[in-house]
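A short write-up of the structure that comes next.
Chain IDs A, B, C, D, E and F follow the sequence of writing; residue 1 opens each chain.
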Amino acid sequence: MNQFGPSFSFLGVPSCDLAALPDADVVILGAPYDGGTSHRPGTRFGPQAIRQACYLPQDGSRPSLAMGVDALKDLRVFDAGDVEMYAPESTASLQRLEDAVFAVADAGAIPVVLGGDHTIAWPDATGVARKLGYGRVSMVHFDAHADTGDTEYGSLVGHGQPMRRLIESGALRGDRFLQLGLRGYWPEPQTLDWMAGQGLRSYEMTEIVARGLDECLTEAFAIATDECDGVFLSVDVDVVDPGMAPGTGTPEPGGLTSRQLLDAVRRCCYELPIVGVDVVEVAPPYDHAEITAFLANRVVLEALSAIARRRRGDPWDPRRPLLDGR
Amino acid sequence: MNQFGPSFSFLGVPSCDLAALPDADVVILGAPYDGGTSHRPGTRFGPQAIRQACYLPQDGSRPSLAMGVDALKDLRVFDAGDVEMYAPESTASLQRLEDAVFAVADAGAIPVVLGGDHTIAWPDATGVARKLGYGRVSMVHFDAHADTGDTEYGSLVGHGQPMRRLIESGALRGDRFLQLGLRGYWPEPQTLDWMAGQGLRSYEMTEIVARGLDECLTEAFAIATDECDGVFLSVDVDVVDPGMAPGTGTPEPGGLTSRQLLDAVRRCCYELPIVGVDVVEVAPPYDHAEITAFLANRVVLEALSAIARRRRGDPWDPRRPLLDGR
Amino acid sequence: MNQFGPSFSFLGVPSCDLAALPDADVVILGAPYDGGTSHRPGTRFGPQAIRQACYLPQDGSRPSLAMGVDALKDLRVFDAGDVEMYAPESTASLQRLEDAVFAVADAGAIPVVLGGDHTIAWPDATGVARKLGYGRVSMVHFDAHADTGDTEYGSLVGHGQPMRRLIESGALRGDRFLQLGLRGYWPEPQTLDWMAGQGLRSYEMTEIVARGLDECLTEAFAIATDECDGVFLSVDVDVVDPGMAPGTGTPEPGGLTSRQLLDAVRRCCYELPIVGVDVVEVAPPYDHAEITAFLANRVVLEALSAIARRRRGDPWDPRRPLLDGR
Amino acid sequence: MNQFGPSFSFLGVPSCDLAALPDADVVILGAPYDGGTSHRPGTRFGPQAIRQACYLPQDGSRPSLAMGVDALKDLRVFDAGDVEMYAPESTASLQRLEDAVFAVADAGAIPVVLGGDHTIAWPDATGVARKLGYGRVSMVHFDAHADTGDTEYGSLVGHGQPMRRLIESGALRGDRFLQLGLRGYWPEPQTLDWMAGQGLRSYEMTEIVARGLDECLTEAFAIATDECDGVFLSVDVDVVDPGMAPGTGTPEPGGLTSRQLLDAVRRCCYELPIVGVDVVEVAPPYDHAEITAFLANRVVLEALSAIARRRRGDPWDPRRPLLDGR
Amino acid sequence: MNQFGPSFSFLGVPSCDLAALPDADVVILGAPYDGGTSHRPGTRFGPQAIRQACYLPQDGSRPSLAMGVDALKDLRVFDAGDVEMYAPESTASLQRLEDAVFAVADAGAIPVVLGGDHTIAWPDATGVARKLGYGRVSMVHFDAHADTGDTEYGSLVGHGQPMRRLIESGALRGDRFLQLGLRGYWPEPQTLDWMAGQGLRSYEMTEIVARGLDECLTEAFAIATDECDGVFLSVDVDVVDPGMAPGTGTPEPGGLTSRQLLDAVRRCCYELPIVGVDVVEVAPPYDHAEITAFLANRVVLEALSAIARRRRGDPWDPRRPLLDGR
Amino acid sequence: MNQFGPSFSFLGVPSCDLAALPDADVVILGAPYDGGTSHRPGTRFGPQAIRQACYLPQDGSRPSLAMGVDALKDLRVFDAGDVEMYAPESTASLQRLEDAVFAVADAGAIPVVLGGDHTIAWPDATGVARKLGYGRVSMVHFDAHADTGDTEYGSLVGHGQPMRRLIESGALRGDRFLQLGLRGYWPEPQTLDWMAGQGLRSYEMTEIVARGLDECLTEAFAIATDECDGVFLSVDVDVVDPGMAPGTGTPEPGGLTSRQLLDAVRRCCYELPIVGVDVVEVAPPYDHAEITAFLANRVVLEALSAIARRRRGDPWDPRRPLLDGR
């Protein structure tokens, strides 16, 4: 059951029940939580928007032109619906989400969580770490913001703090935490000091522009795969420029293009051993013509397609013409 | 300090500090809480939107054509800014609001609370009842919804339950609870039974259309002023038809016109001993051209103008030409 | 299967298969056809928008405050999904719709068709007439437009002509054709002459304002129930003023209020032997905050609730207080 | 030539040249001036929006269902395009407009001016008075605002002052000035005193609601036709409630419905000797789905249709069924 | 005559009549057809939107800073208005368009067709091939989608199939078909196989990013000019990222920037012997602030400017400063 | 006092009074003037939008990740509110603005003016030149348009002419005038000739794409710092592509990305001796989700941060990792 609106699955993949998980490669979860947002709310409608933002039939098939796979067919992908989340009951809600993610990971599948605000990265990555071991999972984190704040309005819960919680609890190691796309005017110096002390590697947009995103990614991947059993990919859609992804709560101008994000997500999922994914901060009330939801939908598909291609094992060349070899 | 965006006061009235309240007739409070909404969020931006939704200078003066008073001048009106509210800390947030409302009432002023979702009616009316005595305050409640639900996602907190909480706690009497504008498909029968058991008088739109709003109001006022020391007026902007007030979270077609609401609020505040007001459920992300915010701003002004005219004491005739007697 | 977007049913009622209809009182059909619109398209997304436009859970239950019934429970209501319709194959598409409506009627259920543009009234009412007999079904038609045009861009198919087709074919009798809400500057005199020649009774808004909607309805009902076996109710959402229902293709200022339409639909379905319903011309691309879709959803619920109450048989008094008798 | 965007005429009526006016009953002028607005600009795009806001062919024909005339055919209606207006050259721009209106009036036609902000009423009515005589023209003025302010930002020019200018100059008599629909919190008492001193008759919405619009109109018409040679009709679209006419600069909640305005305009033009019309304050940037532009277009058509019917001379009964007599 | 809304020409160029074509270099045609769209409709309003989307006077002059020509003056450019198209009469409508395009080509002018959905490329390119010879025209096709599907809802007509139709009919050669900008999850493998079998050269975005757009264009131009008498340029605005061109029906994230498209169109028209152009899939109902329409307008101007510069014959250097040589 | 809406300062920096300026490094001024716009108005609301467009607290602190400074703290930044501007009194309004800017410059602070349309660059740069000497200030001008027109609707005042006025008056030297981002179809050749004659160096987008923005900037900076005492930076937000900055009056497709503009502004303010800044042409009525206002807010912050870093004096390396050295 989806929490807001009618119940249906991501692009028509089979639904499943968390209490009786099928043999799956990937299980999609909705996390319609926007209680932790510090500014514009609305991400509670993110899961529904992302699930359906497509002009093609909702038929559980999406053959990727670029990767030459049909991830929704080649992988066993299910949608377990939404975890019920309610802001005045945040603690219980986040625990339910963590348990759901753990259940998916424990069943051997990759959880793909559709947010919701970025608060959910805390239970998302914790749930995976409960399965793979605290400190055994690296994080690749696309975002305009570091999300390493201490508290928000006096609370440990909030979309500006999940990464702090994950490192403080030991679920993730600070020195296997790769952040890409940061920019703007937050956090303040003492939080940057804390981040430095924890060994995070944070690529601000200035560095990305100066060195090139691909070089930064290659460097980050080397860190991410050092002494780790898997990588969690957390994509905050606000890493993209607000001009191209307006439907979000805390837009920071000067971000990546949609194309850059899709290519970067592809590289992550093709080159790294992904064990969990979340795509967060899509706020439909601020979107226009669903363009941000479409982008998030494609981020999910790009991730799944690259995972499927990685599993197929044959080499992939981005320069190869589309119709070559047919 | 206002919680979201810059700090400024309602239409430029003087600001004040809750900790050191001035001699005031009316103190405006912002309650930017949308943690309790069951559907579309966004009312956290309501207080800011309502404060400024006007095309006239923000100069702390609004001479009413209809009432012949300048409420912002004739009354001592101050704006104490927002009470800080954060959904994951709902209990503490609502307590802060209740304390703020009590402080205003205790200082002898009428609290006018700008929501926020309707959850805030619980602390709003409780704060007033703490001053005037539990069971001594009647409620006149304009709304599409009864807001008498038991729980929401397992929580006692929520915008569908404040009226239940107020009656259960004894802060307000069920048989001095007047509801106007109800319609649609909620709540379910057992809640209606509970309402009947508590003695509420609820005017569904069908009755209002059949009998006329003015007749219903007159009848309701008689109940409201029986054995009571004051009346709390709670206006959910969704009592107006969504076509005229789209910027709200749970729109129910078939409501009052804006004109009807303004006239009804005027009658309430001119004919009844108002001791507290809240105006709730303005959700700017869903508004168009600020029309819902403009309406809520005028609901506040209409209330204040009628209070001012009531205090002036001379008779008022709605049929009198505007320029007569000048 | 729904044609556009994910598959789900009207507010969560059970789905059914046209090829194997269950015992039903009402079967909902989507008719996502906007090929016949002469101006703004977009009603293809109407069925999906109407099905889900509600802030309450999609749980197949909607207890009406006004009517004291839960139509979705008290009646056996199913949703058979969309009939596939594609504008370049209009003839085949409309035939498929007519067959579907006939199948529902033939199974003894009331078809409720969610449009789509008004072209679909042709197959809708024809499908019912095929069951009940040509000339045996009256039409009550709420609309800003008479929809009795001859051709549109040289075609017999179009949203301005369905009523002409229905009368020409004999499916419906012109002198049992009741139109309410007409206004504006169309059709031209020769079409009005044709309408007069066929005996239509068309209530232009001027007459409705001058005489009152209730008086007009009472008069119309007398005609509609004279020598007929059932009444088809066709509601074009543009009968409501564009200010309250902007999401439509051919908006004509000066219409009914939402409240008036809901009350009128209630009277129709409570006082008349309804055998078919369609609700058309909701164009989501032009809607704001879903208000037009919400209205159309409530038109459907109002119709079903009144049908359920009519079937229950006990008297209904619009002046009775909501909580009386509990 | 139209000033903004492509050149085309009101609904396809013939174009004409101000310098060589044809024999005409009505000449339409665009006045794309928004330099005088005190809040939201955008009315410069009003003339273009009003000219084309219709879903019917732009064919210079609009047979009115209600009035039984085709004003665009029955009258000789031309569109002379826009008068060039530029805010930093306000004095020259307003003079050009006055001259254009005078030219039309002098040629024996009724000028119908499409605004533009309400500043233009000053040159509009002056242009007519230059022809008919200062003090010989009454004004019927639909508006939320009296527009009788003294200065705006130190300037005599502005959309809040045209009525003051007209009375001060003697073009119009204050005691033949009828205002309908006023409401809200402007102007301040000293301006009301000035208005009373000049003998204006201003119907605030409270009086209109209490007495009924039709009674107020009848009373106003008696004044308007006393010692006058013609009536100028000035319609500010903000007289309608912002919920139904959001596309305007200074929205004041609690206005007329669209239906009320259309009926009132019809009565004015059917019962009074109209010598000039302007329709102002349509601000497309704030409109949604063109609903305000559609309304203004229909205000023009309603006015022209009633003028045409008045000229035809046969009696008109609003209660007569649409198809009667065909 | 334009089909929807008032009649006016592209940026004020002279109008012409298809039945009596003047000596022209370029003739613009509107093709307001959205019957073939598989998802969001609205492109019927594309021609009108594209014609007028400009902030400069509609004066038939547009001196290009970049190319140093005023194409609307240097070339003889006319606008023949819209071809009437109506979805339920698709076959006849598309034939009318093909005949119109042929008429223009036959008169020696370049047809520039403003869509409309991409269905129209079928008649557009066929009309040109009828003049120049089947198989004698190459295609350069900018699009997110290959548009080589077999059928849509059982129909040969549709915006996903025009390129298949053109190759199947022999109008165009598959091995002179250059596609740029493809991406996403459509078409499925068997269609890709068909494309490969026909010899299409399709540049997916991955290849474009990896190799650079300019290198891909250079390679494509070599193919396009091999054994051909002219090149048809078909620009689907959805080749641009939806973040920059939201007003379209089937948005696929990850596209070109607006800048890239304009530069690419310029190169096509400066370096290739263009014999026909269409610009399609602008859907105004989904646009914001006309930005997609502005882009399409500039695509047309960029094409015309480059054609004009090519005809002038002197060398053009993109690195030359704007004011050099003046 | 701000002219439109409530009074508050840029992101909460201290307010100040023009008549009694404090010791300041930077003084912000609002110039809510849109009287000079040739197309879409609305920039009068620019200053208010830019001041508050941020999701962080309005606390007068913005520590830049990229530059390692907190400009609002490290510099003494004040906001002097709006200069009152009214279009029908353009001459007086522009003079007031010039005097205000001069007062700021004369007090030794850098004026940062928030527009308003680009007309204001005339008084802005003149005010600075009055202090530093006519001809002693260079201009770096980011814009899609040259703004060197002669007159607009016969007036010297207008947003297409300020640069002409500045050079004609001698306030600025034509040969120290650097324009970046020009494109499109304006101005016409004779104005280009005038520009060439004055020695302007204008980088059209074609040259910028061909040579790279950084190379162009380096070249421009060399000219700007030759024989000059300071540089005025004028940023028209329409230099960015309309897809990323839709909220503007005269959008020209094919512009810079937001990222490019932010980086370029940073370079200007870090490498050049900036003596004045304006950020203009933000038109909130055409914005979506405030993205253009957010961008303009960040342009201001980027400028201030780079100025602060330049003043700190230590070297800055864009390739240095964010957390290095902590």
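Everything that follows uses one rule, which is that a contact is a pair of C-beta atoms (placed from the backbone, for glycine too) under 8 Å apart; a residue touches a chain by one contact, two chains touch by 3 or more.
These numbers come from a predicted model, not from an experiment.
Engineer: Chains in contact with chain C and with chain D: which ones?
Structural biologist: B, E
Engineer: To reach chain E from chain B by way of touching chains, what is the minimum number of steps?
Structural biologist: The fewest touching-chain steps linking chain B to chain E number 2.
Engineer: Give the pair among A-E, A-B or B-F whose set of contact pairs overlaps with that of C-D by over half, matching residues by number.
Structural biologist: A-E
Engineer: Please work out the Cα centroid separation of chain D and chain F, and write it as a whole number of Å.
Structural biologist: 41
Engineer: Using mean CA coordinates as chain centres, what's the chain A-chain F distance in Å?
Structural biologist: 37
Engineer: Two or more other chains touching the same residue: where does that happen in chain C?
Structural biologist: Residues 39-40, 241, 243-244, 257, 286, 288 of chain C each touch two or more of the other chains.
Engineer: Are the chains arranged, by touching, as a line, ring, star, complete graph, or other?
Structural biologist: other
Engineer: Go ahead and list every pair of chains that touch.
Structural biologist: Touch list across chains, by label: A-B, A-C, A-E, A-F, B-C, B-D, B-F, C-D, C-E, D-E, D-F, E-F.
Engineer: Can you name the residues of chain E that touch chain F in the complex?
Structural biologist: Of all residues in chain E, those touching chain F are 55-56, 61-66, 240-241, 243-245, 257-259, 262-263, 288-291, 294-295, 298, 301, 318-323, 326.
Engineer: Sort out for me which residues of chain E touch chain A in the complex.
Structural biologist: 38-40, 182-186, 188-189, 192-193, 195-197, 200-207, 209-211, 241-244, 246-247, 249-255, 257, 286-288
Engineer: What part of chain A is in contact with chain C in the complex they form?
Structural biologist: Touch residues, chain A against chain C: 5-9, 12, 51-52, 58.
Engineer: Considering the complex alone, what residue numbers of chain E touch chain C?
Structural biologist: Chain E reaches chain C through residues 4, 34-36, 39-42, 44-45, 84, 86-92, 152-155, 157-158, 285-286.
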